[in-house]
Amino acid sequence: MTGLFWNLLLATCWVFLTGSFGVSNYFFGFLVGYLVIALIHKLVPGLHSYPKRIPRFFRFLSFFLWQLVLSNIKIAIDIVTPTWHMRPGVIKYNMSAKTDVEITLVANLISLTPGTLVLDVSEDKTALFVHAMFLGEEEQALLADLHELEQRLLKIIR
Amino acid sequence: MAKPKNISADSLILRTATLIVLPVQLVFSLFLLLRGHDQPGGGFIGGLVASGAFALYLYAYGVYALKQLLRVSPKDLLAIGLLLGLVATIPSVLVDQAFFTAQWWEISLGDNLIKLSTVLVFDIGVYLTVIGTLVTMFTAVAEAQLEES
Amino acid sequence: MMSDILISVLLLLAAVVILLASIGLLRLPDLPTRMHATTKSGVFAIALIMIAVALYFARIDITARALAIIVFTFLTAPIAAHAIGRAGYLSGVELWPNTVRDDLKDYYQEKDHNNKDAS
Amino acid sequence: MQVLMAIAIGLMFAAAFYMMLRRSIVKLVMGLIILSNAANLVIFTVAGMTRAEPPFLDETTKIASSGVADPLPQALILTAIVIAFGVLAFSVVLIHRAYEAVGTDDLDLMKDTDT
Amino acid sequence: MIGLLLAIVLTACIAPVWTHSWRLPRALLALVPATGFLYCLNWWPAVASGNPVLQTLSWMPSIGLSLSFYIDGLSLLFLLLVTGIGSFIILYASSYLKGHQDEGRFFLWLFLFMASMLGLVASDNLLALFVFWELTSFTSYMLIGFNHESEKSRKLALQGLFITVGGGLLLMTGFIMLGSLTGTYQLSEIVQISISEQSHFINAMLVFILLGAFTKSAQFPFHFWLPNAMAAPTPVSAFLHSATMVKAGVFIMARLHPTLSEQSVWSTAQLWAGAATMLLGAWLAYMATDLKKVLAYSTVMALGTLTLLLGIGSEYALIGFVSYLLAHSLYKASLFMLAGGVDHSTGTKDLLQLQGLRATMPVTFGLIIVGALSLAGLPPLFGFIGKELLLEAGLGVDGWLIVVIVVAATLVVGVALTLIVKPFLGQPVTLPRPPHELPPAMLAGPVVLLTLSVLFGLAPALAEQGLVHAAVQSIAVSEQAVKLKLWHGVNTALLLSLLSLAAGAVLAFWWLRSRRVAQQLAKWSDRIGPESFYFRLMDSIAAFATWQTGAIQNGRLGIYMIVLLLATLAPVAWVLFDSVGFPGWTFELIPTVYECAMVTLMLLATAYAVRTRSRFASIISLGAMGFSVALLFVHFSAPDLGITQVLVETLTVLLLVIVLIRVPGFARFSSNAERLRDAAVALFAGFVLSWVVLAALPVQWAPTISEYFIANSYELGKGRNIVNVILVDFRALDTLGEIFVLAIAALGVYSMMKLRKGADHGKA
Amino acid sequence: MFEWVVEIVYFLLSVSMLLAFIRLVKGPSLPDRVVALELIASIVAGMVGVHAIDTGVSAYLDIAIVLAITAFLAAIGFARFIQVRGMNDE
Amino acid sequence: MSNLVFLPILLPLLSGALCLASWRSTVWQKRITLIGSIAYCLASIELMRQTLDQGYLVLQMGNWPAPFGISLVSDVLSAIMIVLTGIVSVAAAMYSMASVPNEHIRFGYFPLLHFLLVGVSGAFLTGDIFNLFVWFEVMLLSSFGLLTLGGERSQMEGAIKYVTINLFSSAIFLTAVGLLYGMAGTLNMADLALKIPDADEDGMVNVLALLFMASFGIKAGVFPMFFWLPASYHTPLVAVSAVFAGLLTKVGVYAIYRVFSLLFIGDITFTHTLLLWLGVLTMVTGVFGAAAQFEFRRILSFHIISQIGYMILAIALFTPLALVGGVFYIMHHILVKTNLFLISGLTHQLTGTHELKQMGGLYRHRPWVAVAFVISAMSLAGLPPLSGFFAKFVVIKAGVEASAWWATAFALVVGLLTLYSMIKIWNEVFWKKAEPELEKQVTSKVLSPWMLLPVIMLAAMTVSIGIFGESLFQIAELAADQLLNRSGYINAVLGEQQ
């Protein structure tokens, strides 16, 4: 199941890239994808069935983009104003993500959101160390935000 | 602040992300290779992208993992690439034309026409050579430094 | 015409975002905060520009490519940020004195301590 | 523009040569990088610079627009870039090994083979 | 003739085997030159009747070189001397070197030397002659350096080689000029031509040829190598001094006499050099105390005499030349063999030590008397006839010359008498080895040669009809009338001859008493003589070489690069300044703000990469430079370049980082002054290259060929990306080369990183 | 209209690039410079997109793709170095 | 169309790639190398035969018409160079069989050797100026690789200079090619010959000429740009030194011959006079450099420079005779120089050192090595009737006939000084008595026939060039004729319609 998923994903990728949406091209993309997966098949951990997750994905996307815009604006304001409003700090965030892929995706998403940046994962894989620009008093709010982001993502990929 | 000791140089995030990015890079490199005749790309560019992918893997997992991933020795890759490049020069001689004269074979697959040519073979040779080159270099340097330390 | 305006707005917005990012990079006091300014804004701006490109060409293949760029950027930018941020932190980059809290430092010290005990 | 490029190229060459005259082997490598870029830019500049007309044929008509950029120098530069990369890779490793073997990065101390 | 040469060369090649593996009697080897002698005698009738023998073998016609032989009287005389004396030398050597470990090699080189000399005197082709000429220099070098484990021996051998080869180079130039002057390299044709016109070209040519001949024939100031050639074993000295090697110079002067004797430079130079050499040789011979040195200097004297005679060029002189040559060859070969025998037998050749050998070596004593008297020019020996003709010829010229001749003759008489008196008379003394009489093989040569000396003296007609006449005819421009006679009646020449004998006897009487003065003088002349000049020259070559190498090849790459930059670009700057000028500013493409910004960024990044003290800052800055270059490529319609640049930039950074982890950072080694100098040079170079580019911009000699690629990329190359079609099809060969460059770089990196710290494997 | 917009965008991006370069020069630590380089790479990708619009040549987008999937490698490389050697070069 | 012209490039490419593919097996690499070099040699002889037969052999690669594609051209000069390359490659291959340590083979010795030949052959055969650049780079990088193979300190030091200076040369070359294309719009050398105007029409021609002169001059080791050569040539394996000595600088010389007979002949009084003095200075500085050395290979290295001077002198005189001399000189030099380096390997094998002062006794104990050395050394010094004499003779004759008195005088003096250095080696290595310990070593060592055979083969060639040189001479004359007659070349490449 996982193999098929990746294969299709890669084939799609191929079709997008070539920009020619013929059946044969898709087939060829499938072939190319197969080759690539053949190359790395030992290394890709299992993934579950994926079709259900498309609507969730779009919901998540809009949420994420909104976050992105908001925090961008927040940082922008701080940058252009002469004094610093920010209260940066490194905070430990206990995540619910378990597998490596989950952790990575969560971490990347957190990093992509302005104002937060993942510096490290604890060795027992339970917590992320997040550098946040606006920590200060909003510590709990921030952790809550992170949690929401993580949950939405996990719903898609689990 | 003193540099903390006993902290692993490996990063879980980098390692896992590499697994996601690597296939994308490889697919893209093939894509660049194959459509280079019409759009930006070609064997070099494709090969460089693929090499970048392997370099990423090297940085994330180390040199032995990379060798396991490749299965063939990078020098073999190099040799295959070069030989493919050379092979591309030869078919024309068989039909009594100058060396390197491009030979095109069109294979119809359903209603699609697939154009195969010595040019493509040559470009694939270039692609493999570039990969072989860079991977040879990276693995050689990394291995030597591993042995040293 | 509508799309022209939209494209222009997107482009200008992207330019401004990047400009802000570069100002931030220049102004902000320490490595992590600078990375906040650059990494995400870069990604954001590229996304905006690519949307503009997709709108401009209005062709499916190009839209696909623009999307691919956005996806790839989203995929790779945080990896780089994480790698640099972590490396910088590990190698002891100076944090801004006004930094309010550092859980990671405590974590590392504890680990060091444990390891010493173990050995 | 080409005038501007010509001046810039001269400065790049000067920078490259200055680096190559240093006694530190690492600077030598930096000099080589700048040098190959400068040489590539010479080809690019002298062969004529064209804005916004990349040398592709139209997808459907298979015809190039009239003011299309000269593709040949681009091919030459591409070859030169790749060659320069190979050379550079070699040189970097060479200075690394030279440093290991000789135990100094001062070029003026590497004259056993001459005198 | 070629058969003769081949036979001797073949003998040379089997000689080592002959002596070492087969262990056959060495004396048998003498049969080869003896047979050669008889073979040469074959030509006598024809040559004597005025019909030279011509043989031709093609060699390199393109440069005018042929292996052709021209055997006239002069050649034949030499051929007979070389083979004849050569036979006895071999015989002598077979005994002299018996049991020596390098005997085989000795015969090898001796036979090769003989062959070279034969080729030299028989060659019709100037170039072939030169080939043999150089071969005699080289083979004699191998012979002189026979005792090569002694450093002195090596040094002296080199001296002879250096001087004769140096002269040889001049001779070659002279020959080339002569060839282009006469339009032929064939001597048989050249001797028919007499060059009478004057020009600098001709004078230069004459000087070159003469210098070649003078060096070989040890004329002043090149005389010093010859006595030093004594380092060779005696048979070699005997051969070298009598019939071969040193006679080569005299031979070539005689050969070209018909062609060049009308040139005043030619004859005047011979006159002066000959007179000086003769006098100096005689003087040095008298001063020397080493038996072989005495003989060697007397050879120098004889060579000077021969040159002098050619310079005089009169009838008497020419006939005197041939007679003197013949006489000298006969007695000098004998004297050398005998002197060598004395050395061999007693273990010393110091005249001051040798005494009273009369009783123990009676035969040697007798032979020495004959030889020495011939040297002194006493009747009825052949030497007397030669000396008479010399005096006769000298009388024909200005007054001063005859004085010189008489003085020289006097000294020689003194020398000759000393040779008889000092070693043999008086009471026997203790010598390093108890003396014994020489074995027959060593005596055979002197006996025969000195017999001939007597015979020719008593019956000069025998010599004349046999050899002298024909030889003189080949030298002379016109028919010669003078006949050889033992008795000319009482004339001025005879009186002068008697005077020299008397005075010479006095000198011989004084010989022992003059030794302290002689040694003093020798020391003094060593310091200022031409030999010291030679050694100083050699020292200064070495010193100059060391200085030059230290100055140029100083090991400092920075200096090398400065020289390279200036050597490359200063001439370019000069041409630009001289014939191109500064171009007008062309602004067909006005740069936009954006383009300016990119260029600025590129330059700033470069500047920072240069300025920074952190190599990683430098790498990063170069990354920024690479990105701006990529943007320029993109902006000016080169997307493929842009992609490649970006990719290469990234991979370069990856590679630099991983490699440079273990290399230290930038260090500042240079002083401020050095940095300033380097910056000035670099800026100058950059300025010149800018100028070149600017000057090239408006130039368009022809339209570009690219139209073809644009027009045919799809049609013929089946691709729309023209750059790629060029890379993989139109100019695929470039790309093929390029991937091999990459592969090679990979191999280089691989081996450098992995093959290391392997102990020295011996680089053979 | 695009011409003006594009000119302005070019200008702003150029200024951004120069600002980023100033950070590259100022450092002070190696990671700071790397971050500046990463931003420059992003700006280049953006510029390439603008180029595509400016010239109407879609082929330029490929450069942006390449940048998107490879430019981050430099940062990875430096990160590796920084971990091995520390961030101060000398 | 003559596909034969590509074979000298293809064969070593193939051998190299196959050696690379069989990098695990030293035995197979050796086999491939022997077969490959012999095949190359045969192909080169056939190429020579056909070239002599037809005058020019031209191959338009990929069947693209000149000047658009890349033309490979074999004229007599090219064919001569290819044949010489073939001979050197066989000699080097044989010599390598026994002399190269297995470790070097495992780390790419043979592929690099073949690729070096590729670069050399490509440079000799190409008719395209940019393609020449590519082959130069192939050659350079392989030489870098061979130079550093083994990784010893001296190799690294030498290589740094070698690499830096040669890369500078490449950059100048590339710049010049770029300028040339910008102004003439073409890269094909025959086409360029038509399109480059006379220098008095445009001073830029001389600028280009100077840039090419500098670039090729560096590769050829011309004064004052030869520093890299003595700094590095004595550091690698002997077989490598020998190939370098025989071929590398000659590629630079060949390029000078090609370019300054085909492209830049519009202002001979400027360009060729400059070359003349460069040639003279090169031979003088080279020979004095040798006089100061006491290491076998360093002496030989400086002599390379000195003799490059003769070759440059010949092209500078630019008369038919001078060119004949130059071509003949190149032929002679390649064989002799290669052999001398190989001999230095033999003496090293026997004595364990390259330092003259520490050697000795070889004339007594190894007469055949001595004979091979004497032949080669005396040939180098120009002793007749060996090959070097004829080479020198013709150059000097040409100098005399061109009234280039000073140049000729220097050439003569340099000849004498060459003798001086050769005798120095002879005295120290062969004539001098060996120390007892060394003597024991010298007498006990066994030389592999793989190492002796090429030395004897090359020595025999040197002798036979002297004895049977006429036909070679005629070939050199043909080559010179073609060099002076550039319309033949142009027509052969571009077709008669031009």
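The first chain written gets the first letter, and so on, giving A, B, C, D, E, F and G; residue counts start at 1 in each chain.
What we mean here is this: a residue touches a chain if its C-beta (ideal position, glycine included) is under 8 Å from a C-beta of that chain, and two chains touch if they have at least 3 such contacts.
Not measured: the values here are computed from a predicted model.
K.L.:
Expressed in steps between touching chains, what is the minimal separation of chain B and chain F?
P.N.:
So the least number of steps between the two chains is 1.
K.L.:
Tally the contacting C-beta pairs at the C-F interface and at the A-C interface, and name the larger one.
P.N.:
C-F
K.L.:
When you average C-alpha coordinates per chain, which one falls nearest the overall C-alpha average? Tell me, please.
P.N.:
G
K.L.:
Please report how many Å separate the Cα centroid of chain A from that of chain D, as a whole number.
P.N.:
39
K.L.:
Whole-Å distance, chain A centre to chain E centre, using C-alpha means?
P.N.:
85
K.L.:
Taking each chain's centre as the mean of its CA atoms, how far is chain C from chain D in angstrom?
P.N.:
31
K.L.:
Centre to centre, by mean C-alpha position, how many angstrom separate chain D and chain F?
P.N.:
Each chain's C-alpha centroid was found; their separation is 20 Å.
K.L.:
At which residue positions does chain F touch at least two other chains?
P.N.:
15, 17, 30, 34, 36, 51, 57, 59-60, 62-63, 65-66, 69-71, 73, 76-78, 80, 83-84, 86
K.L.:
Chain G: which residues touch two or more other chains?
P.N.:
If we look for residues of chain G contacting two or more partner chains, we find 13, 16, 20, 61-62, 130, 134, 137, 141, 144-145, 148, 151-152, 160-161, 164, 168, 175, 179, 181-183, 187, 227, 230-231.
K.L.:
In chain C, what residues contact two or more other chains?
P.N.:
Each of 23, 35, 39, 43, 62, 65, 68, 72, 75-79, 81-83, 85-86, 90-92, 94, 105, 111 in chain C touches at least two other chains.
K.L.:
Looking at the whole structure, which two-chain pairs count as touching?
P.N.:
Touching chain pairs, listed by label, come out as A-B, A-C, B-C, B-D, B-E, B-F, B-G, C-F, D-E, D-F, D-G, E-F, E-G.
K.L.:
Touching chain B in the complex: which residues of chain E?
P.N.:
So the residues of chain E in touch with chain B come to 639-640, 643-644, 647-648, 650-651, 654-655, 658-659, 661-662, 717-721, 724-725, 727-729, 732-733, 735-736, 739-740, 742-743, 745-747, 749-750, 753-754, 756.
K.L.:
What residues on chain A touch chain C, complex-wise?
P.N.:
Listed in rising order, the residues of chain A that touch chain C are 13, 16-21, 68, 71-72, 75-76, 79-80, 84, 86-92, 107-109, 111-120, 122-123, 129, 131, 133, 135-136, 139.
K.L.:
With touch defined as at the start, can you tell me which chain D residues reach chain G in the complex?
P.N.:
By the definition above, chain D touches chain G via 20, 25, 28, 32, 35-36, 38-40, 42-48, 72-73, 76, 79-80, 83, 86-87, 90-91, 94-95, 97-98, 101-102, 107, 110-114.
K.L.:
Could you list, by residue number, the parts of chain B that touch chain F in their complex?
P.N.:
3, 9, 14, 21, 24-25, 28, 32, 39-41, 45, 49, 52, 55-56, 59-60
K.L.:
Quick check on the complex: what are the chain F residues that touch chain D?
P.N.:
Listed in rising order, the residues of chain F that touch chain D are 51, 54-55, 57, 59-60.
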